């Protein structure tokens, strides 16, 4: 943390250098806009899309649509995944029942599920929601279960020796103990969920950042593809920063005990 | 057996405890046919080389583990599970990092429906005794190692347990802090006079703290020597160090424990790396 | 110091560029490359006879490597990466590629889409006009996408009132079976699957010809490749014509051969093959289609390509100002002229 400022400075310099190199390569005409549109062209594209939108939808509309899809799925995944994961961590039998399904589904590329999701749930928002939800949910479940198992035995013993009942042990000792890991788990899960956005928006979408990237690529619009990638990355990064801030406020003891 | 007077506070009768050692793929006998009685108000130190099973005995009394054979009794009743009548302090403070010092200390009474006026005044007393005044609102991660351990001791003591069990509580502290903590512990104990079982491998610590030092053999742990410590209380190191009896007692215990350590090390070498 | 550094940078950049063109440089002196890479899609087409029998390898005198693409978009990116030389491509992706200045040229039509792509509607919908207010599916960026929009326009359907859904053909069938869509414009076997599941044909691409909307498959070549091996391209076109003639002489036998090679059903191969019109190269050289070097500027195909480009620009998929004033420079009929003359 002492080097926090210096680290930020180095990071900023690295990003600036990358953009500068990109600009130089672009302005020397070393590549065509088909392969690597220079930043100037991305800026032009951004202006055009801000003015006219992309495919009848304003640019912020694409961002909002994707964010809405993702945030609804994230919230649902956290609300259902945390309790299920905690229960799995608390009760080995419950863990044994669910674990094979979770471990089977989790590493599965979510693209592979698209045909099934369409057959079962159609091509509406439900299917898009489910793909993002599933990816996020499974990661949350696994990390919540692991968090319970990693609570220090000594801390539980200390509480038991103070005479807490099983319910109070969970409510007042295990739950607060797993909070830091839960936050980390949800952060990782949201990162994974955000990457599933592209897969989700391959299902009959007319808007959204993921859809924008896929559609633009069909027409070799590398500039829009890159703009979409930049927006996807920036939005994902912003989401993570937001969570880190919440985490710092909610579990200030994280990493300090 | 005829019952003459009250039973000892803690009694272990022919206790054996073995564990499945997954690494070595065989059963390890930690303690074998161990018997010990601790009287009410006694400060007893269990001293032994590492791996002799002294922590196992503490865990049996705390109720975290159950004997494979034999009985563990508290006031003549078998111990079935952990409970607030036996306060425990571990080598690591094991505080709740999301709670303040005050909330950590009052955790036990709060969980057991204690009255706030009662536990808050008790907490105030322990905070003063333990030298934690001014740190009530601090979080554990803002404290030094010694202070954290003082909070842990206060947390265990505030429930007014019949027995206080301490498992190498100062083992992770630096030498100076350890001495300070020992003196502080004795000072508070002289007021409370709780029955204490204190596990340590530090000979000087045991002699300084205890009324009685029980020396254990290498694994499987058995009682090797049972020594009364003759020094008057209140004690302090400055008086003890030049005392001839202290020097002699220390020499004798060192000799005994050295024998057991050598035995333990050769035993361990024979069994391969742990 | 500054000079040296700039020199180093230049050297580095030149090195990188050389590395990119290296493989082509190595083949410079030869008349025939070590290998020609054809891009194809899984659909049954007459040239598959050539694939099955190794005819192209024989006629071109070199090894042919067949690269299957899942979509026109992947074919375009692979062309951009110089990983494929000759591709059979739909007219829509071809137009998109030319607009984006992909260094390719169109050398011939491989087949004009007639009945192989059709608009299938749910039972109860009888005309295209009735699609107003309905949910319509299309494979994005495909020839069927273009044909759907043309069909809606020709029939005065208010597009704003319809709900358009971009779906891959397989997903379209799944959505159809669940009742999530009311109509879809797609090729076989997907159109057949929808038709046999309570669907009916509302229109086939051929019906749009009278309104001068044409969609077709064509062969495109990387310019770099065709300029280096012009004779090979001529031979390629002659071989293609040979396979098309084989098909025309005995469609069933050709369909059987192709179906067996592609592991597809005979009926499906037969119907799909019959759904396109294979124009003799001679006919393609008339102004009714590509025209020749003198007439291509005003011939039908250059105009149709401009129409398709404007359509894509209207959708917002390409920039209006990126559309070239004429598509004729990207159409190279000289290979066809030689292929016809040389025989």
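Every chain is named by a letter (A, B and C) in the order it is written, and numbering of its residues begins at 1.
Keep this in mind: a contact is a pair of C-beta atoms (placed from the backbone, for glycine too) under 8 Å apart; a residue touches a chain by one contact, two chains touch by 3 or more.
Remember, it's a predicted structure, so these values are computed and weren't measured experimentally.
S.K.: Work out per-chain C-alpha centres and flag the one nearest the whole-protein C-alpha centre.
M.R.: Smallest centre-to-centre distance to the global C-alpha mean: chain A.
S.K.: Determine, using the mean of C-alpha atoms as each chain's centre, which chain is farthest from subunit B.
M.R.: If we average the C-alpha coordinates per chain, C ends up farthest from subunit B.
S.K.: Subunit B to subunit C: how many Å between their CA centres?
M.R.: 83
S.K.: How many angstrom lie between the centres of subunit A and subunit C, each centre taken as the mean Cα position?
M.R.: Subunit A and subunit C have C-alpha centres separated by 38 Å.
S.K.: For subunit A versus subunit B, what separation do you get between their C-alpha means, in angstrom?
M.R.: 48
S.K.: Among all residues of subunit C, which ones touch two or more of the remaining chains?
M.R.: Correct list: empty.
S.K.: Quick one: which bits of subunit B touch subunit A in the complex? Just the residue numbers, please.
M.R.: Residue list for subunit B touching subunit A: 62-64, 81-84, 86-88, 90, 92, 94-98, 107-108, 111-112, 139-141, 152, 155-156, 159.
S.K.: Quick one: in the complex, what on subunit A touches subunit B?
M.R.: Per the touch definition, subunit A meets subunit B at residues 152, 154-155, 157-165, 168, 172-173, 176-177, 179, 251-253, 256-257.
S.K.: Please output the residues of subunit C touching subunit A within their complex, sorted ascending.
M.R.: 13, 17, 71-73, 76-77, 80, 93, 96-97, 99-102, 137, 140-141, 164-167, 170-171, 174-175, 177-178, 180-181, 312, 315-319
S.K.: What does subunit A use to touch subunit C in their complex?
M.R.: Touching subunit C: residues 28, 30, 32-35, 48, 52-56, 114-115, 118-119, 122-124, 203-206, 215-221 of subunit A.
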